[in-house]
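All remarks here apply to the structure that follows.
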Amino acid sequence: MGEVSPDLQSRVVKFPGGGVLVAGIDEIFNWARSNSMWSLTFGLSCCAIEMMATAASHYDLDRFGILFRATPRQADVMIVAGWVSVKMAPFIRRLYEQMPDPKHVLAMGGCACAGGPYRDSETIVKGVGEIVPVDVFVYGCPPRPENLIHGLIKLQERIREESILGIKSREPITVGG
Amino acid sequence: MMERDFGSALRTALAGLPEGAVESLEVSGSVATLRVNLGSLRAVLESLKSFPEAACDFPANLTAYDTGEEMFLVYRLASIERGWQALVLCRVDRSEPAAPSVTDLWPGFNWFEREVYDMFGVRFEGHPDLRRILLPDDWEGFPFRKDYVSRPSGSPLRGPQPIDRGAQG
Amino acid sequence: MIAQALENPWIRQLVNAAMLLAVINLGVLVLIYLERKVAGYIQSRLGPVHVGPRGWLQSVADAVKLVLKEDIIPAPADRFMFVLAPFFVFVPVLAVFLVLPFSSGWVAYDFSLAALYVIAAGTVAIMGIVMAGWGTNNKYSLLGGLRSAAQLISYEVPVVLAILAVVFFAQSMSLVEIAEAQRGFRWFIFQPPLLVAAFVYMIGQLAETNRTPFDLPEAESELVSGFHTEYSGIRFAMFFLAEFANTFFASALAVVLFFGGWDGLPGLTGALWLVLKSYVLVFVLMWIRWTLPRVRVDQLLGFAWKVLVPIGLIVVLWAAASVVYARGVAR
Amino acid sequence: MSLEPRTDPNPPTAEPETPAKGPAIDAQALHQEILDLGTQGMVMNMGPQHPSTHGVLRLILTLDGEEVMACEPMIGYLHRGLEKMAERRPYRHFLPFTDRLDYVCSLANNLACAQAIERLAGVEVPERAQWLRVALMELNRIASHLLFLGTFGTDLGATTMLLYAFREREEALALLEAITGARLTYNWIRVGGLPDDMPENWDKGVLAFCDLLESRLPEYDRLLTDNPIFRRRTEGVGVVSPEDAKAYGLTGPTLRASGVAYDIRRWAPYEKYAEIDFDVVVLRDGDTFARYLARRLELEQSVRILRQVFDKLPEGPIASKVGKVLKPPPGIAFSQVESPRGELSFTMVSDGSPNPVRVHIRAPSFANLTVLADLVAGNKVADVVAILGSIDIVLGEVDR
């Protein structure tokens, strides 16, 4: 959805019933988009193992309609699980750009959020936020499956607030470790 | 009993070498530590592998370490049938580090030698394709040397990435 | 005025087709939900639960979301082939439903050569898949496309032989007559040659619908996602729906050919019996999908030509012999 | 084996000269001409983002249709320079980093690192701590092998195996969490022993888990081991002869599947393995199925070991006194531990200062991966995934 000029937003609301119309459409779109978040299998390291454990039968992400797709073309959410090295960064950027809109990024684990314990390592990017705009930071090393599900639910709530008239504030959400 | 025949086996294996080849040899438990000078490193390793008594045919480990003044290569060869291991230490000149490659004796050391080159800059003559293995190819310098000045890790995409917070593409 | 319009055969066909399209799409959405639930229970987990009452609206949410996605046509892709491929895969699957007799009166178009038409329409989908593989100009989809072309062609032959055996018994190509011939529990599955034909048919259809253990084309772990790697949004939804519609049709046709179509206890109307039986068969297909590993390409093709086709030929001869023998006895 | 794809030795001339009219075409010559046409391989890129979740490994495959002509693994996408960071820290501060090496069996790394420091500094470990370390190691090995069964099944298409294996693995993780407090990165082995004793009736929990696991193993066999499709996909694929296995420095189940009996727990026993009666799983034919079966049978051996540990567990201190600042004497020492992937060994060099001069981590996955390039040539694309899965590598310890 392209960037909608603000004055259009006011003009539409003034249109009798416009507000309700837009709200109605938003309601359906966001319900569909938040309940069917297909995520890109993008496991880098230890958080990937915990992501697989979350998707397995004990915690089961399929309950929320989250399916793991292998290609970026069919993914809505990119879960970056693991530390991001200098050599890997261009690939992450390219994968992010290959994903169709509307797309979101969930940085899982301390390393993806802010570089984790590798402060003095020369080949680690201090947080995936330097490469792709991140929506939800889930801290923890690795975050427990409940944390990841908490982060995903927060992302669902964020998607429900979106509107086709351009996104309101995009402050990233942070879920504690 | 283990020390005696491992020690004696080693001495018979290394008997054929020129005098200064093996600087020191001690055996403790099932591990023998040899200090070898660079010139006859290849000969010692070949004899360790080929000599039936020693039969160190298993390439356990190959690495290097740099103490700031001198740099050492560390080879660890094991003999699975006989249950003992040989730790071969060899001093390498720090400014121009070079060593004979043993990839033809043990293909397993192929990547280990590439890693030592990648991290210490030791050029292994005779290695099939000596390239960087872990670091990006355009990386300057050899990080594990003591005199390596560590670079602050800027964003890999050349400079801080403008996070387009507002625009939702 | 509407009654008048319905007299005109063209309008009637159009209404039939439109109604059929609606029923199939609804059925496919239910099928997708069923697949994820069955997969869940087989894998000792729940499957979709939070979307709508007990997760029923999950596939509706998926469909609506897919429609809303950005429509990406990759730059290096050959636009013409890329855009047309999903239609070449989706339309034949729907076209084939026209001849499926839900019950004696309920058939969109009763066609005397229905069996032949089903096979012919089925092969158009192969072209669609190869177009998708080649059109996206991506190595993964190229490999996926070529693999699935080889697979579909080599599994078309056993399916044709199985249908041929049934046609011998029913003495007619029209699906309605085939189902009529099985009324009163004289189902073809009880005839020995057709029991083997049923197995050959089901294995062939397993490969036709690209389901494990034959889901080579979109082998997850090997070719990322096979021929629909580059498709996103509504175009991918077409492939997704086509695969499930094909699965439903395969089992519905199996019910018509071997399990007596709409023939069942008088309690329910005929059509419901057919749908019920095909859902049982679809469940078996899903069960197979979530338990068996994948076959390698050369094993897959070897199995088709060295095992299935010979058995198919034997079944055809056996069926022909038993029909001639039965007619000889009758006279 | 040259890595460049087979290029066409002599490109066909602009227009083929037309054969003289009339004579029948010589089939043999035509056939020969087609043969030396020399098709050019298609270079395909598998990874670094790859569905079979082994982490970030990039395989550059040169394909001739479905056949793989050459394969070059590219690694380094998870490289953090851990060994350089170890040189900037005192010895014991490096222990938490070792969890992030082989993050599927972190306790093996902790033990290898702690053991190297203990050998360097000459620290004694009390009996009870040694026994408990063995129990922790075997429990972690079971969890790691269960993960292998799951991902290997998924690589071959049996996704249900992943869910079943993870169901049991969750039980094991719950037990490990009960004693160490973490699910994956335990950091629970200290120089000189363990940070704390086991909670009471933890051993009953472990024994109950052993019975549960043994009741579930037949289920795995029905799903994978005795499945004809699985058998045909893995038997005879990627065969490694014992000589090659030794020459490439393979270790662990990958080596033992080729018939070489080299298990550090039996070859150079550490902790209390010398007093435990278990047998080393050694198979013969060295193909992908043997590598799978080796790990599948090791599950039973680990259960057997766990059952013996708790009745021989003595009372006593859990850790020995180690000073505030640890300055080991100058010298070189190395530790050897049998991690689920092979021989994990830390080589440490000290010059008497609190920080080590060099810490080298000999990762089994790094050594096992060298064989992939030569093993894969000549197989199909589907076999590449099967062979890679059967070597069971973890990229965290390959790239360090």
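For clarity, chains are labelled A, B, C and D in written order, and residue numbers in each chain start from 1.
Please note the rule applied: a contact is a pair of C-beta atoms (placed from the backbone, for glycine too) under 8 Å apart; a residue touches a chain by one contact, two chains touch by 3 or more.
These numbers were taken from a predicted model, which means no experiment stands behind them.
Considering the contact criterion stated above, the chains in touch with subunit B and with subunit C alike are A, D.
Averaging C-alpha coordinates per chain places the centre of subunit C 42 Å away from that of subunit D. Centroids built from CA atoms put subunit C at 36 Å from subunit A.
In this assembly, the C-alpha centroid of subunit A lies 32 Å from the C-alpha centroid of subunit D.
If you average the Cα atoms of subunit A and of subunit B, the two centres end up 44 Å apart. Shared interface positions of subunit B, defined as residues touching 2 or more other chains, are 135-136, 143, 150. Looking at subunit A, residues 56-57, 70, 87, 101-102, 120-124 sit in touch with two or more other chains. For subunit C, residues touching at least two other chains, in rising order: 43-45, 220, 224. Going by the touch rule set out above, the chain pairs that meet are A-B, A-C, A-D, B-D, C-D. Contact residues of subunit C toward subunit A in the complex are 36, 40, 43-51, 55, 57-58, 60-62, 64-65, 68-72, 220, 224-225, 229-233, 236.
Those residues of subunit D that touch subunit A in the shared complex are 48-49, 51, 53, 55-56, 76-82, 84-85, 88, 96-97, 99-100, 103-104, 147, 150, 162-163, 166-167, 169-170, 173, 183-185, 395-396, 399.
Interface residues of subunit A, counted against subunit D in their complex, comprise 40-46, 48-50, 52-53, 56-58, 70, 82-83, 85, 87-88, 91, 95, 117-118, 120-124, 141-142, 144. Of all the residues in subunit C, the ones that touch subunit D in their complex are 42-45, 139-140, 143, 147, 212-213, 215, 219-224, 290-299. If you check the complex, the residues on subunit D that touch subunit C are 42, 44-45, 51-52, 63, 66, 153-160, 163-164, 167, 223-224, 227, 229-230, 232-233, 380-385.
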